[in-house]
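Down below is the structure, laid out as structure tokens.
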Amino acid sequence: MELLGIEIPVFSWQTVLGSAVSGVFLGAIYALVALGLTLIYGVLHIINFAHGSLLMLAMYMVYFLWQHLGMDPYLAMLVVAPGGFVFGYLLQRGVIGRISHGKDEIILLATLGISIVIENAALFLFSADEKSVQVPYDLDGIDLGVTYVVYPQIAALGGCLMITAALWLFMARTDTGRAIRAVAKERQGARLVGINVEHIFAISFGIGTACVAAAASLLAPTYAVHPQFGYLFVLIAFTVVVLGGMGSFTGALLGGLIIGVTEQLGRLYLGESLGLITISAIFILILLFRPTGLFGQRLSQ
Amino acid sequence: MSKLPFRMTRRTFLQATAAGTALAAAGLAAGPRPAHAANVIKFGLIHPVTGFLQFSGTQCRYGALTAIEEINAAGGIKALDGATLEPVLGDAQSKAEVGAAEIEKFNEAGVAAIVGAYSSGISLATTQAAAKYGIPHVVDVGVNDKIVSRGLANTFRFGPGFGVITEAGVNGLIEINAAAGKPARTVVIVHENTTPFGSFMAELMKKGLEPAGFEVLDILPHPTPNKDFQNIALKIKEMNPDLIIPSHYYNENVLFLRTLQRQRIEPKAIYSVLGGASSQYRFVDEFPDAAQYVMDCNHWFDPRNPKAAALRAKTEAAGKSFSYEVFLAYTAVQFAADAMERAGSADRAAITEAMASSTWAGHFMPYGPTEMINGQNQGARPLITQVQGSAIEVVAPADYATAPAIFPRPA
Amino acid sequence: MLEVTGVSKSFGGLKAVAELSLQVERGRIVSLIGPNGAGKTTAFSLISGFLKPDQGRIRFEHRDIAGFRPHAICRLGLVRTFQVVQPFATLSVLDNITVGAHTRIRQRKPAAARAREVAELVGMGAMLDQPAGALTVAGRKRLELARALATQPKLLLLDEVMAGLNATEIADIVAVVRDIRDTGITILLIEHVMQAVMSLSDDTHVLSHGRIIAHGPPEAVARDPQVIEAYLGHGAAKRIARTRGADRA
Amino acid sequence: MSKRDRALGWTLLLGLLAAVPVFIQSGRWIDFLELTLFVAVMGQGWNILGGYGGQYSFGHALFFGTGAYIQALLQFKLGWSPWVTLWFAIAGAVLVGCAVGYLSFRYGLRGSYFALITLAFAEAFHVLARSLISVTEGGRGVQLPLNQDPGQAVASFQFTFANPFLQSYGFYYTVLFLFVLACAATWLMERSRFGAQLVAVRENEEAAEALGINAFRIKMGSICLSAAITASAGVYYVQKFLFVDPGIAYGPGKSVEALFAPIIGGLGTVLGPLLGSAFIHIVGETSKEAIGHFVGDRPGLDLILFGIMLLLVLGYMPRGLVGLLETAWMRLRADKDGPNA
């Protein structure tokens, strides 16, 4: 088949369906990484370039827990997620908040600077070697006919759904959640009614980091970690956040799945390399035609 | 502002520019060094030890430093009264312009020779910068043939380029297949397309394989880094080829082979060319199942040479994996040191001359005596290995083989 | 000079301006008053091109300008100020006004010279080098006026230039507005300070819930019971009439 | 700072830079200055859009890369002279700037949305450069033949093999020329109606529109000028290194370098990008040397130090180096004038 001079290959329906299904599982991973980012973006309105580095750092923590204590990576979530929260809280309160003077361009450079420090600290401390967690159930799974789905993939999808639900409940039901939403919507107003905005910023950054740490424990059985690992997901995570709507968890979940499936089908038909253009294309089109994303509210700037 | 002194020395210029930064003093302390201290020969090592290529760059640096250490321990350069080699380290930060800037520093530090710079892109820039000063530059890994084909007199490559590697890969496959009664006919090539290394290979492979009766069903390029190989696996599943030929870097190779395993795809053979992980001990240790029976046409040492085994033991004792970066950089340094012996001089031109006419045979690579033509070592070639059990055996060519190929792999 | 006929604009379900019609004649000061939320600022935004009317016609010097972009309307000689002042905060007062002057004057020096003149006119001659962000409220209001004036408009739309000022400052700016009119510039203003409206305008339109409910010379409009109702709520007109009667007694 | 002080400062600075061969013979420090100026040129390109126009781009590699690719491809495929191709390289980047600007500004993207769309475009070009092999040579990159005939050095715009002066200083003067050009363009812009209107749009787009400024057209002008300057850095890069591949051209590295320099140096100032670039390179070099000298072979440690110093600078100099310089200058002036007054 040919379209506009580009040869479009024809595949059996099993392959197409298999590709779409694998896209769902890949999309779950994207959503996992994007969940933390969307919160930080939604509340602080900053493009956090350190997000990938934080993911990488959390992956190392999961790896070391497995390596030295034999801790299962999923169990490690109970350690790395709270650890991520504390780290993120301190990072925002102690570094980003302190040096940024509230200026966007400085926040941007600050997150870039932090990612330089974290990445090279990882290189310095952990060396450039790839490290991978090996779990005995790595290859076990379910044969869906069109494709084989292994337990780590199912866990990623399940974990993604659970974390989304938990975040949603947290935001809807708790006082802190309400305060975060208030700050996200109306910073000055929130300040006037007595909310400690700096604290809420740091809490949000902490939760965002905890999310990315949880994501790390779900990615660990599939991916090897190295100091440059974060780059694999940063751009996609931004795309997912924008597509879903900044600050929307359901948006991040659905956005992740949509991008996962679109990317897989794009790569199937356009080739693995050119197929990636689908991600940039979605990104650009969403920004142009619906910058608030699928579920975002109208945010100024 | 007071009147500036019109004529500034380098030192005062530095002070002026660095004034205001707390670390200025540290920068000055490490300023220009004397060109040749007594019986020490400066040796430049340029590698990307930070940034995207940090893993390979670090491996290279380790190999090169180990070689220098051993040479010094064995009495230095004997023709120069036991002069010792002093490594001058450069970090290209995975960028060509930074690599070239480091060469300028090497020149001022007075290095006699340079080994580097792992990637083809950086090597192009560093060899060119070194050419300005006539510093002999041995390329350790960069497989792009254009590095040595542009007529730079100072540039040498001891190892093979991708042209030779691909040709060896094609011929090896044809032989192995023929010996087994031609069980494999259909082929899918999977290669990375982000760097020169993978990009050139696929077409060359196809050109070589088709006349020999193979049918290339598809060529599947993918970027580096790559997150997911499920699509590629599905495509392969649908095409059901006898043979898969992957060519990419370590991480992608691991992910790809594990994805094939997860998707229960079992072709008659996986025969990689510059497979990244397929002939790495670390991979075999960590994922023995995924690695089993995988063949790889790659840089490899002469398995019967005890020096190689010794270096491997040493490397692993240091907690490093014994990858091709390590032994290629190691040999490149040895080659340069041998040229210094031959030249009996630390003079750049003399060393360059000695490199060009070198007949060095004291290495553990399967290259035979050195013969440089236009800077390329003519004997340089890869070997074909296969993971068998927990070992990586050489299966071809016959004069280096340690075990027969298991082809096709048992079901 | 300006002729608005039957202009409507709604946001969502809410009609902000309905069937608005008004006229401004050359050389006059016309005011637009009305209670909060009556749609005055929306009307300004419609006239100056920041909003597109859903229906109706806006003619400026016999040219239909509905749907023109703000900068194009400004170039035709109709310029507005903002109720919430919007100075270019990091620029100096002079640079702020120069930006306005550049609209008609390409060269930098003449534009700056023009800006100085305008600054004198509005009484900011002494503050030229101050950053606009550091000005007092009164200063910012003047700057807003000066910048608009520097574009050499024929019709100036002033949106509450006196809000938040004290009595002396108001008196000053009333004088400035008169001076501007005397240079031949027509003015349409939104104002809450009634004393200023009374003393300045030749003509007043009263807007309530998006509609014009009264129109005429300010003294007459101020006595209109409908207007009083609109401002003070139902029954207010009667109460006032009674107190007035009591006063007289 | 008075006009006279400023003019004197610039004359002194440019005079020093032009006279560099008189007092610097070291290839290392020439190269250091070259890299500093190279980043300053890219930074100046970014500064025009980001500093003066307030539109923060995260994808300036788009312009650097397009300039570099066109410069390389026209020589490689058609054998054109580099002196001809460079005009096409700059024009091509301006065209890309127009297209990206048109889409972004027409749809009213500002702030982080603009930042993200430039990022997305740079990544799209990255993917295309890698995938459209028949046009771009794909991941293998474009490598230009190395001229080794000193007689052809100028004609081939390559100075690796040239007469000793050109070999040492050819590319230094190339990039210095580009830098002076970029600064002159910025300086002229600052003093023109266009510049005043651009700054007005940055400060408050609505107010600017009300004052008769066509914000869309001004922003378009700014992105085109920005693209042209950034592309000229790409031309220099290709002529010096004779190689470009998708990662070099469109990877995030160049985008980040381009925005670092002006933000650290001082946004919306002519001198900012140079100061920022000089600062980055001096800090980078000193931390590299310090670690190399006192600690030894520990990859990454120098960059940790660099990152920390960067964060400290950000924390303590909210107005960038230019702000710091001005404050210091004022204080100096006050001290000098104080006792006399």
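Order as written gives the chain letters A, B, C and D; numbering starts at 1 within each chain.
We adopt the following convention: a residue touches a chain if its C-beta (ideal position, glycine included) is under 8 Å from a C-beta of that chain, and two chains touch if they have at least 3 such contacts.
The model shown is predicted, which means the values in this text are computed figures rather than measured ones.
Common neighbours of chain A and chain D, by the contact definition above: B.
The central chain of the assembly on a C-alpha centroid basis is D.
A centroid comparison over C-alpha atoms places B as the chain most distant from chain C.
Interface comparison, C-D versus B-D: the higher number of contacting C-beta pairs is recorded for B-D.
The geometric centre of chain A is 50 Å away from that of chain C, both derived from CA atoms.
Note: centroid distance chain B to chain C, computed from Cα atoms, is 74 Å.
Rounded to a whole number, the gap between the C-alpha centres of chain C and chain D is 45 angstrom.
One finds 33 Å separating the Cα centroids of chain B and chain D.
For chain A, the set of residues touching two or more other chains reads 120, 123, 128, 227, 271, 273, 276. Annotation for chain D: residues 127, 130-131, 299-300, 303 touch two or more other chains.
Among the residues of chain B, those touching two or more other chains are numbered 49-50, 52, 54, 57-58, 193, 221, 223. Every pair of chains meeting the contact definition is listed here: A-B, A-D, B-D, C-D. On the side of chain B, the complex with chain D involves touching residues 1, 4, 7-10, 13-14, 17-18, 21-24, 26-27, 29-30, 32, 49-50, 52, 54, 57-58, 61, 65, 89, 91, 93, 95-98, 100-101, 104-105, 107-108, 121, 124-125, 128-129, 131-133, 144, 146, 150-152, 192-196, 198-200, 221, 223. Every residue of chain A that touches chain B in the complex is listed here, in rising order: 11-12, 14-15, 18-19, 22, 25-26, 29, 120, 123, 127-130, 132, 134, 138-139, 141, 147-148, 150, 223-224, 226-228, 231-233, 264, 267-268, 271-273, 276. Taken together, the chain D residues at the contact with chain C in this complex read 191-193, 196-197, 199-200, 203-204, 206-215.
Residues of chain B touching chain A in their complex: 49-52, 54-55, 57-58, 193, 220-223, 225-228, 230-232, 234-235, 237-238, 250-251, 254-255, 258, 261-264, 282, 286-287, 289, 321.
Touching chain D in their complex are the following residues of chain C: 48, 50, 69-72, 74-75, 79-82, 86-91, 95, 98-100, 102-103, 106-108, 111, 147-148, 151.
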